[in-house]
Amino acid sequence: MTLLRDLAVQSVQMALVLLLAPLLTGLVRKVKARLLRRVGPPLIQPYRDFRRLLGKESIVATNGSWLFCAVPYLVFALTWVAAALVPTFATGLLFSWSGDLIAIVALLGSGRFFLALAGMDIGTSFGGIGSSREAMIASLAEPAMIMIVFSLALVAGSTQLSAMAVYLLSLQEGLRVTLAMALFALIMVAIAENGRIPVDNPATHLELTMVHEAMVLEYSGRHLALIELAASLKLLLYASLIGCVFVPWGLAPPNSDLRGYAIGLLSYVGKLAVCGIALAAFETSIAKMRVFRVPAFLGAALMLGLLGTLLRFVSGSF
Amino acid sequence: MTIIQPLTLVLLMPLLSAGFLALMPNYRVSSAFNVLASAVTLLSAGLLVVRPPQPNDYFLVDELSVIFIVLNTFVGFTTSLFSATYIGHEIETGHLTPGYVQFYHAMYQLMMFGMNVALTANNIGLMWVAIEMTTLATVLIVGIYRTHQSLEAAWKYFILGSVGIAFALFGTILVYIAAEPVVGEGLPGMIWTVLNSRVAEFDPALLNVAFIFLLLGYGTKVGLVPLHAWLPDAHAEGPTPISAVLSGLLLNVALYAVLRFKVLLAANPRAMAPGPLMVTMGLVSLAFAAFMLYRRRDIKRLFAYSSIEHMGIIVFAFGMGGPLANFAGLLQMTMHSLTKSAIFFAVGHITQIKGTQRIGDIGGLTATHPGLGWGLVLGVVAIAGLPPLGIFMSEFLVVSSTFSRAPLLAIPLVVGLLVAFGALMLRLTGLAFGEPVGTQAPVRISYVPMFAHLAIVFAAGIYLPPAVVVWFQHVASMLG
Amino acid sequence: MGIATTLPCIAGLLALSVAAIALASSRAGTWVIYGISLILSAALLVQGAQALLSGAETSLVLPLGLPWVGAHFLIDPLAAAFQVIVNLGAAGASLYALGYGRHEKEPWRVLPFFPLFLAGMNLVLVADDAFTFLVSWEFMSLASWALVLAHHRDPENRRAAFIYIVMASAGTLALLLAFSLLAGEQGNYAFNFIRIATPGPLTASAVLLLVLIGAGSKAGLVPLHVWLPLAHPAAPSHVSALMSGVMTKVAVYAFIRIIFDLDGLPEPWWGLVVLTAGAASAVWGVLSALMESDLKRVLAYSTIENIGFIFVGLGLALAFHANGLATAAALALVAALLHAFNHAIMKSLLFFGAGAVLTATGERNMEHMGGLIHRMPVTAAAVLTGCAALSALPPLNGFASEWLTLQAILLSPQLPQWGLKILVPACGAMLALAAALAAACFIRVFGVSFLGRPRTANAEGAREVDAWPQAALAAFAFLCVAFGAFPGFATDALSAVTLEFLDVRLPPQADVPWLALVPISAERSSYDGFLILVFIATSASLAALVVWLLGSRATRRAPAWDCGFPDSNPATQYSASSFAQPLRRVFGTTVFQAHDRVVMPPPGSTAPARITVEIRDPVWDYFYAPLAGGISFVAERLNTLQFLTIRSYLTLVFLTLVILLLVVAL
Amino acid sequence: MQGLAFDIAHLLAGSLVLVSFLMIYQDRLPSLINVFALHAILLAASVAWQATIQNMPELYVTAMIALLFKAFVIPVSLRRMIVQLGIHREIDTVVGTGLTMLAGMALVALSMVVMLRITAMADPLAREDLAFALSVLLLGLLMMVTRRNAVGQVIGFMSLENGLILAAAGAKGMPLVVEISVAFSVLIAFIVIGIFLFRIRERFDSVDMQALDRFRGEQQP
């Protein structure tokens, strides 16, 4: 019985992230447009794009290899699995123990790995630019992320997201400098990882500063659709990560009743909305930075993470 | 009691054959006879091991000297084998005339005679005479090519050698003067057995001065720095069989004398300890030779300096004393003789093939002459102290016993070993590998002596027969 | 079973190398030698696995080696574990060489030494007294030295071999000193004596430093690594695989054997030293790999990085062990051992791939490759797996061991020493950095050499290698996946080692549901490679299915879009050095004084503009070069003594006499 | 008797040292050879005196050998040689004689200190003899070091060996072995030297060591 319910919850969550992801992207776009005094596309535009792209034939460059065609599915799968492991509206998911936060970070890393390879597969200069810059950004973003994991794990005594959420929910810790630093670092990393302004600009082409778009330049049709979906899934994942770790309120505890789940669902949607609006506001209020300023940006994140970890020792014994 | 004592055979055989060879014009016959005589000497030396004779006033064969004698006669024999082919080629290419070869063979046996006498002598005077005789014999052979370089080398060898010999004689006289009040006038004052039994009562101060003269005198022949100057040139300019014998045997004979006197001095409690002196000279020789190896342009000088380095290690080990270090010293000495002569066998043929001794003009031997090249590689690897060859075992014992007793002494030792190792391997990579360099004269090569030596060294590195071990351990304890 | 059957196999390898001298020049030589060494190493592998799983100890004494000590041999769980690692690599290399070895120009320079090398490594593992250990150790170096010289006509290789053998014997001397400290005055060189005698703290610490030099120089710890990127690529590829994947693990074995087994109880600060060395090596190695464009050399540098990972694990184990935190120590040790095992697989795999590329294109420089995925599909797939594993991507084996190491790092708050408390997370950060850089490095490796368009005619005409290498590649790629999915089995097997030295073991993972990895407790942390793998597979195929059902199925081949102005010239692709340029600007400028120099032709000339990248290795510049300079300076100065006149030599003798007389007189 | 014996022995040995100084002082070969002959004669005399006071007749043999070879045969042949080579007018010394004399003084002092301090218990005769012998030896070595010319070096070497014989003779009852060996060594030495000077001349038209020095090891002439 419980197994069935847990299974249901798990599958609901997996479906949920899949459904909400384009919506979040649409929300961000819409809000940005509004802030720029434009009407902007409707919220459901991403779904339409997805359908349209799905319907188109996909064009593969003559010397594209099997890897090029396999990567979209792989990237999508990796991101989806990662997203499925993050508690969105309920903790104690059935399979959440099959991978902890480190594994989630690594899963996203493998997604990036294959995407970068796909960027180099056609053998164009743009793909190379994208991949090499992505590699540089990742080489700083990932350690920063691991440091964040460390500081959180040292606070919560676990690398399991559910356990973290439960622990922080119980609020024995009070508000901690470590957590604040971790939050800042996490936001910076999230911005970099999702290729948002100021690190990258998802809305531009033919600009020598683009990173993610350059990698996927050669993709079209269904492949592009999957990649877009994966990108928005990634954005959703980070949003829900921030939500579940730093504002765990409303999360439905394991084997709670329907009401609990409903609360959890609502609070989750609310968190996502807040995140999306905040992101849009942030993006409109800041300018894109030069590529070689990015290391400094991410280095700061890394330092914050490390500092948080070390401060963990200073403030209070384990 | 047989008619002919093995001892008399060991001594007479070389002497008589020296006389015979001096009169034998045909070089083929004479080199064959040379081999035969050395073989007989070796066999009778083997008999010595089985039935050592009673010591008398003039001759003494104990465990220590037997080691040296067997080694001496064995390497003498293998070298005579090598020398047969070597000399043959020298005659054909006209580097040597039959007359000189006649002279060469006579001197070879005379030298063997001298060394055997020195090793079996029970009388410090007799020992001195014998060693002087070997010196003179080798001086004459070193000069045999009569090129400018060889003359210079021989002359240098002669002058430095005779000065050393003079020192040794003075030391010998001092020992007698020290002994004379105790054991009385006449012969007994020069007999090892007597001296060893009564040395505790001798005048210690006199013994000290005596030991200094003896160490310098015989140390010159051992090739200790700074008395070494004759050694590289004598090795480089003489015929290669003689280089092999010099490195393999003559140094050992001188070392034997030094050891005997070291034991004598150590047996007198009031005299100074000989150890520190030997340790210092050993380390100096090791370090000096190690650095000198780098700038060598001449292949034979290279290995001559490596001989100095190894003599340094050996003297160091004996200076440290104690069962482990002495055992290591004996082992190192044996292995070095075998390995170094094997290397010189290889080098002899290499220089004949390439027609030069310049390292720069020799290269890629493993490609052109696999047998010779890999033989050289094996030899150098052995001499550099890599396992599983014999020298690794002795160096293992030297270093480890030193480091656990006197760590500060082990540091220079290890550094010296490493520096020398680097130089040897550097040269080896140039000689044995890479694109072949230099000419390719057709040469008849005798692999047997070289690989026989290397096989023994290899076996010893893995397995020492218990008999040998016990034997060496006795001697080690005897050396104190 | 045990030692009684292991030694005969090793003896068989030795005999084989003797036979190889005769067979080397014959046509069948390659088949016979590699075939038999494959069989023998497989046998050793099986025996090792049995000994490890049974946890039994078997020992033997032969009347060899040092007379009064004899040659002691012992197989305990530690030795067995590394026997598995070594012989897995050995079997793979032999299998690979069945095909690869036939391209060898001068087989007689490889065949006799290959079994010798295998025998040497196996002997080190079973040796149980100092002399036998060192003999086998140096024997191993010697055999590999000969193999590095296999292609001796290239002066670079000769230089590599020279540097290698000198540093190897320096390391051996350091180990020798360590052993003589442990053996003490009366020279008890047998390990069972040394185990009983407990050295004083000072001695023990000295031993640690000496072993760090001795084993570290073999393993390639910074700054003792300089020989490694020279020597490993110089050898034939299957030997490179052995040297990089396996011989470095033998060095790790030596470190564990001496420090954990023989050297008494550790001091807390030991962990500090080892950790720093490990972390430094990890970052340094991967950065150097990113700057390098010679494929095999990149792999060698990545070996340095992974050795750093392993030593971080060992350092943690030491730190925990010193503070009596046995379970944490066990976790760290298992992590280190598991990574040693995994790295042996991954690195062998990649060197096999590099060898395949080398035979197919004759190129080692990535700048001359490209597009190989079309011409060598099998190799490409295998190498891709290896790259992903080495980049520590789930669900492959590289990630499992890295994950365990991170879990061990997360236990650092238990440590009482503040230095360690602070240092360990910093090391964790460096490890994370190294891992991310490794991912970048292997994107570069695979992307430049296998993807894109061929850059040279050689790459154009590449042809897939024959069956044996493909078999080896496929087997090892499979192992990467298998041990990524089920790391639990490996950790369970390895816990025999932790039981041996720390008297504790990790909770048996076989009991955990879904074969997950739960080092400490389920609510603390858990990872299930198998499930992740299943999820990825299912969701990917699900997506494919959905697209297949709903979306268009049409695919058109067309020239690349490339923002509208595609260039047919493959030189316009991103090259290895241009891929690394951002990272070079971020990390390389300070560490390696890396800078690009652009040479613009004068206006009007048709000459192409040239860009050259200059990279200097500070370790070499500031440590080794001065050392060599010093030696040659002293040699030069002393050399004048070779050219004095007889009179001056007499003067030397004279002065010596006078000085000694003065010494006696006064 | 003992006193007188001692005094005479002392006188002879002492004058031997004095003559060694004289040899160091000579910077031309012919005069050097003459002085060496004198040195040999004195040696013979002191050995003979030792023979009488130790009443060891065999020492007379040594004395005779020394007289015969070192005082007559060798000097004569050497003189002929240098005349042949036409080097009898050359200045032979490297270092100024004055400096050499000073060094010699120091050496004698050293040998006195060494010997007299250590051989306290040996009988005075042996002591004195040893002290003088050592100084003769050191002076001979000094001469070898300061001479440029092969002949000069050989003479230095032989004077060094005279010192040895003096010591041997001084040692009470030292067996015949040694005298024979010494004589025989001198003999051999002389032969070898002769051969070498001969060879050196045929190669270099001189016995100047600097001619040889050009062919020191490893230098490509």
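Letters are used for the chains, namely A, B, C and D, taken in the order the chains are written, and counting of residues starts over at 1 for each.
Here is the rule we go by: a residue touches a chain if its C-beta (ideal position, glycine included) is under 8 Å from a C-beta of that chain, and two chains touch if they have at least 3 such contacts.
What you see is a predicted model; the values in this text were computed from it and never measured.
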- [ ] Find out how few touching-chain steps suffice to connect chain B with chain D.
- [x] 1
- [ ] Would you indicate which pair of chains has the most C-beta pairs in contact?
- [x] A-C
Open item on the list: How many angstrom lie between the centres of chain A and chain D, each centre taken as the mean Cα position?
Closed with: 101
TODO: Please work out the Cα centroid separation of chain A and chain C, and write it as a whole number of Å.
DONE: 35
TODO: Indicate the whole-number Å distance between the mean C-alpha point of chain B and the mean C-alpha point of chain C.
DONE: 44
Open item on the list: Taking the mean of the C-alpha atoms as each chain's centre, how many Å separate chain C from chain D?
Closed with: 70
Task: Per-residue multi-chain contacts in chain C, two or more chains - done: 642, 644, 646, 650, 653, 657, 661, 664
TODO: Give the residues of chain B that touch two or more other chains, as numbers and ranges in rising order.
DONE: 155, 159, 163, 205, 208-209, 232
- [ ] Go ahead and list every pair of chains that touch.
- [x] A-C, B-C, B-D, C-D
- [ ] Flag every residue of chain C that touches chain D in the complex, lowest number first.
- [x] 642-647, 650-651, 653-654, 657-658, 661-662, 664-665
Open item on the list: Quick check on the complex: what are the chain C residues that touch chain A?
Closed with: 370-371, 373-374, 377, 384, 388, 391-394, 399, 403, 406-407, 409-410, 413-414, 418, 421-422, 425-426, 428-429, 432-433, 435-437, 439-440, 442-444, 446-448, 451-453, 514, 516, 522-528, 531-532, 535-537, 539-540, 543-544, 547, 550-552, 554-563, 566-567, 570, 572-574, 578-583, 585-586
Task: Residues on chain B engaged by chain D in the complex (per definition of touch) - done: 123, 125-126, 128-129, 132, 136, 139-140, 143, 146, 148-149, 151-155, 158-159, 162-163, 165-166, 169-170, 172-174, 176-177, 180-181, 185-187, 189-190, 203, 205-206, 208-209, 232-233, 236-237, 296-298, 301
Task: Residues of chain A touching chain C in the complex - done: 54-67, 69, 73-74, 76-78, 80-81, 84, 95, 97-100, 102-103, 106-107, 109-110, 112-113, 116-117, 119-129, 131-133, 135-136, 138-143, 145-147, 150, 153-154, 157-160, 163, 205-206, 217-218, 221-222, 225-226, 291-292, 295, 302, 305-306, 309-310, 312-313, 318
TODO: Would you mind writing out the residues of chain C in touch with chain B in their complex?
DONE: 63-68, 130-131, 134-135, 138-139, 142, 149, 152-153, 155, 158, 161-162, 165-166, 169-170, 173, 176-177, 179-181, 183-185, 187, 189, 631-632, 634-636, 638-639, 641-642, 644, 646, 649-650, 652-653, 656-657, 660-661, 664
